[in-house]
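Below, each structure is written out as C-alpha cells.
Two complexes come next, and they have one chain in common, chain A, joined by chain B in the first and chain C in the second.
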Partner chain A sequence: MKKNTEIMINVLLIALLLAVLFILERTIPSTSMLFTVLKKGAIYALVAVSMNLLNGFTGLFSLGQAGFMLVGAYTYGILTIPVDQRPNVYMYFEGGIVQFALHPVIAILLAGVAAGIFAYLIGLPVLRLKSDYLAIATLGFAEIIRAFFQWDKLGPLTNGSNLLRSYPSYKSVLFYFIFSGICIALIVMLINSTYGRAFKAIRDDEVAAEAMGINLAHHKRIAFVVSSYFAGVSGALLAMYQTSIQASMFKSAMTYEILLIVVIGGIGSVTGSCISSFLFIILSEWVLRFLDNTTYIGSFQVPLLRSGFRKVVFSVIIMVIVLFFRQGIMGTREFSVSALLGKKKKAKGGEQ
Partner chain B sequence: MSWLSRNLPYLMAGISVGGQYALIAIGYTMVYGILRLINFAHGDIFMVAGLIMVYASTVMPIYLSIPLVLILTVVIGFTVERVAYKPLRSAPRMSVMISAIGVSYLLQNLALYITGGLAQQYPAIPWISDTITVFGVTTKRVTVITPPLVILLVVLLVLLIQKTKIGMAMRAASKDFETSQLMGIRINSVISMTFVIGSFLAAVGSLLFFSNYTGVTPTVGAMPGLKAFVAAVFGGIGSIPGAVIGAFIIGISENIIKGLGWTTFSDAFTFALLIVVLIFKPTGLFGEAAADKV
Partner chain C sequence: MGETVLKVENVTMQFGGVVAVDNLNLEVNRGEIVSLIGPNGAGKTTAFNVITGVYPPTNGCVSFNGKVIVENFPKGKMKKIYMGDPVAVRSQTVQPTPDKITRLGIARTFQNIRLFKSQTVFENILIAEHMRRTSNLLTATLHLNGEEERRMRTEADELLHILELDDVRDEMATSLPYGKQRRLEIARALATKPSLLLLDEPAAGMNPQETDELTAFIGRIRDDFKLTIFMIEHHMDLVMEISDRIYVLDFGRLISQGTPDVVQNDPRVISAYLGVQEDE
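Let's turn to the complex of A and B:
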C-alpha cells in the first residue's frame, strides 16, 4: 500500500516537472540561460549516474567516461549528418565514406551500442586490474580513443581532427529531460535488480562475493559495458546540445569534472549525482559567471575578478567538499518524497 | 649510416625527454611506494614550476630565479601534501586519490586564471638553451646535458636513500607503513620529505623540459605526468632505478614512433605499454612482488 502511494507521488512529481518545463518553454525566450543550463544539467546527470554505477555501486574506479562519451558523440554525428551536407563537413575527405543518415533517436541508441562495444573490448584486458591501476588504465584508454578518432587515416569516417557539424538536433529541453530521465530510470532498475545487488556485493568485498557464487568477471563486465553504453548515449546528447563536436574537447579534465560531480553528490547515490550535476552546471555556467567579469563599484575595480576566477573559486569549493564533507550531499542515501515528509526512514541508509 | 643520421635527432630527443620524464617519475614512484597513492597533482606541480620560472625571470636575473623556482616548487609540493593528503591519512585510498584529482583540477584552473589561458613563453636560460652541433645534428645544449644530469641526481638520491637515516626511514615506511610507525619513525616527516624530493626533481625536470618545448600552458603537465607515471609502473613502482630506466625507454620509443610518422599514436603507445605491463608483468621490470596489484 505504502509503496503504491510513493510511486504515485513520484509519477505526479515527474509529470509536474515536465509540465513546468513545457510551460516555461512556451513563455521564456528559448535563448534564455535557463534552458542551456537545464539541457546540460540533464546530460551531465546521465553521465554522472552512469559513472556512479561503476564507481559507487560496483566499486570499479574507472576514469574512462570521457572516452566513451567521445565514441557516442562521434557515432551520433557520423550517422546523422544529412547526405547533402556531407561534402561540406568532410571537405578534406571527399564527402566521407558514410553516405546515409539515420533518424536521430536511432543514432543515439546506436551511439550507446558503439560505446558499449568499445567498452567490451577495452574491458577484456582492463577489468582484471584493481583500484588505482584500473583508474590509470581506463584513463589511458580514453586518451588512446581520442588519439584514434583524430587519426587522419580515419578521416573519411571521423573527419580527422576537424569538426563534425550540421547534424540534426532537438532544441526542446523536454527531449533532453525525457531521454536522460528514461536512461537514469533504467540504471536505477538495474541497480535494484539481482545484478545490482551482485554489484554492491562486489563493491563491499570481492572475495566474499565470489564465495557467494557471484561470477566476478561477468558482473564487472556487465557493469562496465552498461555504464559505457549510457556514457555513449550522454555523449550523443552532448553532441546534439553543442551542435558541433571535436575529439579534442573530450580530455581527461572532462572525466575529472564528472568524477567530482559524483563525489559532490555522494558516491553511491543516484539522486545525489542528479542533484549535484544540476548544481555543478548551474553554479559553473550561470551563477558564478559574475566572477569572470571585471567589475567596478563606482571607480573602484573589484580585485581578483577577471576571466578564469570562477573556475578557481569553483575548484576551491570542490576541494573543501572533498576534504571536509567526504560523504557529499547525499552520502549513499537516496532522495525520496516520503523521507522528506515523514523523515521516518531516514536512518535506513546509514553509513558505509 | 644514412639511417643513423636521419634518426639520430629522434634518438637524441628521446633520450633527453626520457631523462626529463625520469625526474618526474621519481616523484611518482616514491610517493606511491610509501602512500600507495597516484599523485595526480604531480604533473601539475611540474607545470607550476614552469610558470614560476616564466614570471620570476621577468623580474629578476636568471641566476636568482632558478633557485627561487626550486624553492617555491618544493614549498608547493610540501603544502599540497599537508593540506590535501595528510587530513585523509586514515580515509579509504580512493578518497585520497579523488583529493589528488581535485588538487590537479585546482592547480590547472589557478594556472588558467593567472596566465589568462595564453601559452607563456619560457625564458631562454643562458648556456643550456644554446644551440650546439653534435654528430652533425643541430640541437640545444639541454638535450646533451640532460642524461648525465639525471644520472647524477639519481645517484645522489640512491645514496641518500641507502646511506642516511631519513633514507632508511623511507625504506622502512615503504615496506610497512604501520610497523615503521611503531618503530618510532615520524611518518609525517618522512612523507613530507618524499614530497620535497619529488617536487625538487620535478622542478629540475621542468627547467630542462621547457628549455626544449618553450610554451607553458595550464594543461602542459598532464601528459608528461601520466607518461612519467607509466614509466614508474613499467620500471616497477617503488623502484627508483626502475622508474629512470622505464622513463628512458618510454622517451626513446615515443620519439622513434614520431620519427616513423605515427605522431598521433605516440601518446597512445605509452598507455598501450602500461596495459601490457600491468597484465603480463604487474611488478614491472624491477618491482618487488606485491599481492594486490592485479
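Let's turn to the complex of A and C:
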C-alpha cells in the first residue's frame, strides 16, 4: 500500500519532469545553453551510474569508462552513417567497408553490445587484479582502445584518426532523458535484485562472499560487462549529441571527469550520481564559463580570469571535496520523496 | 559412530620454505563435534583454508561424503623445494574455488569476524540464498522472479527466527554486540544449508558468560540442523565440554588425537602447550 503510493508519486514526478521539458522545448529556442546542459547531463548521469555500479556497488575500482564509451560512440557512428554520405566521411578510405545503415535506436543497443564484448575480453585478464592495480590496468586498456581505433590500418572501418560525422541524431532533449532514464532504471533494478545483493557482498568482503557460495570471477565479470554495456550506450548518446566524434576526445581525462561526478555524488548512491552529474555539467559548461574569459570592468582587467582558469578552480573544488566531504552529496543514501517527507516530518516534530 | 563425512589425507601445505601443515590425516564422522586445537601458529586455520578451497594444498587430498573435493601434489618449483612428508605423494589435481565447496555443503565462519559491514542482519542472511537462485541475470533484473524472491526472504526470516536474531533483523550487522556478531556469522553460514560446519575460533574474544551461551548454541544447532561440526578453538572449557573427539596440532603435525579425556592427559599435548621441562 505504502510502497504503491511511493511508486505513484515517483511516476507522477517523472511525468511532470518530462512535461516541463516538453513545454520548455516549445518555448525556449533550441540553441539555448539550457538544452546543451540538460542533454549532456543526462548522458553523463548514465555513464556515472554505470561507473558507480562497478566502483560503488561491486567494489571494483575501474577506470576504463572512457574506453568503453569510445567503443559505443564509434559503433553507433559506423553503423548509422547513411550510405550516400559514406564517400564523404570516409574520403581517405574509399567510402569505408561498411555499406549499410541501421536505425539509430538499434545502433545504440548494438553500441552497448560492442562495448560489452570488449569488456568481456579485457575482463578475462584484468579482473584477477584488485584495487589500484585494477584501476591502472583498466586505464591502460582504455588508452589502448583509443589508440587501436585511431590505427590507420583500421581506417576503412573506423576512419582512422579522422572525424566520424553526418550520422543521424535526435535533437530533442526528451529523447536523451527517456533513453538514459530507462537505462538507469535498469541498473537500479539490477542493484535491487539478488545479483545486486551479491555485488554488494563482494564489495564488503570478497572472502566472506566466496564462503557464501558466490562465484567471484563470474559476478565480477557480470558487473564489468553490464557496466561497460551502459557506458557504451552512453557513448552512443554522446556521439549523437555531439554530431561528430573522434577517438582523441575519449582521453583518460574524460574518465576522471566521470569519476569526479561519482565521487561528488557519493560512491554507492545512484541518485547522488545523477544529481552531481547535472551539477557538474551545469558548473563546467555554463556557470563557470566566465572564468575562462578575459573580462574587463571598464578598463580594468579582472586578474586571473583567462583561458584555463576554470580548470584551476575545479581542481580546488575537487581537493576540498576529497578532504572535507569524502561522502559526497549523498554518501551511500538514496534520494527519495518519502525520505524527504519523512525528514520534514521529523523536523516539524523537533520544532514542537 | 556414523559414516565419515570429512576425510583429510596426507595434506601438506608449504608456503615457500615454511611447512605450515605437514602430512595431516583426520576424519570427521556424521553428527560429531570434532575440535582441532593447538598452540598459536600450529597450522589450524591453514588446515581450514585448505579444506574450504582458499589455498590449494601442496600435497594431499580432502574428501567430503566419499567424494574427492580438493587434491594436489607438488609440481613445478615446489617439486624441488618440497619439504613435507615424501610418502603418499598424490598424482591428481582438483582445485575448486571456495564457492563451489560451499555449494557442496561445507560452510565456515572466520577467526576475525567477516560480516558484510554495510548491510543489515537480514541482508547478511539473505545473501546466502543467492547461490540457490534459479533466475538468471535478465529475469532477476526485470524482477520476474517474484516467487523466488519471496521464498528467499521467508527462508531468511525463518532462520532469523529460529536463531533468535529477529529482534535485531533490521540493524546494521556491525552495530551488534560482539557475541551477537559471532552468532550472526554462524547464522549466515547456516543459511547456506550446510551438512558440515567449520567454525574457526567461534569463542575468540568472548567473556565466560558469552562462551557458555555459545557452547549451548553450538550443541543446539548441531541437533536442530542435523549438522556435523568441526571447529578450531582455544577455550579449553568449551572444547572439553562439547567435543566428541579432539585433534591436536603442533608445528603443523598431528601430535595427539582421541576423546577429551585421552587428549587432556597426553604428555605430548601438555608439553606442546606448557613446554618441556629441561634438566639443568
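Basically, the second predicted complex is superposed on the first by the 343 of 352 C-alpha atoms of A that agree within 3 Å, B and C clash if a C-alpha of one lies under 4 Å from a C-alpha of the other, contacts with A are read in each partner's own complex, and residues count from 1 in each chain.
In this section, contacts are C-beta pairs under 8 Å (C-beta built on N, C-alpha and C of every residue); 3 or more make two chains touch, one makes a residue touch a chain.
Keep in mind the model is a prediction, meaning the values are calculated, not measured.
Applying the stated clash criterion after superposition on chain A shows that chain B and chain C can sit side by side. Of the two partner chains placed by the overlay, only chain C lies in contact with A:Leu190; chain B stays clear of it. Look at A:Leu60: by the touch rule set out above, it reaches neither chain B nor chain C. Look at A:Gln150: by the touch rule set out above, it reaches chain B but stays clear of chain C.
Once the two complexes are overlaid on the shared chain, A:Ile214 sits against chain C while remaining clear of chain B. With chain A used as the common frame, the shortest Cα distance separating chain B from chain C works out to 10 Å. In the three-chain superposition model, chain A touches chain B and chain C at no common residue.
Partner chain A is touched in their complex by these residues of chain B: 36-38, 83-84, 87-88, 91, 93-95, 97-99, 101-106, 108-110, 112-114, 116-117, 219, 222, 226, 229-230, 233, 264-265, 267-268, 270-272, 274-275, 278-279, 282, 292-294. Considering their complex, residues 186, 189-190, 192-195, 197-198, 200-201, 203-205, 207-217, 222, 226, 268, 332 of chain A touch chain C. Within the complex formed with chain B, the residues of chain A that make contact are 61, 125-126, 128-133, 135-137, 139-141, 143-144, 147-148, 150-152, 251-253, 256-257, 259-260, 263, 306-309, 311-312, 314-316, 318-319, 322-323, 326.
Note for the complex: chain C touches chain A at residues 52, 54, 97-100, 102-103, 107-108, 110, 114-119, 123, 126-131, 133, 135, 137, 140-143, 145, 148-149, 152, 188-189, 192.
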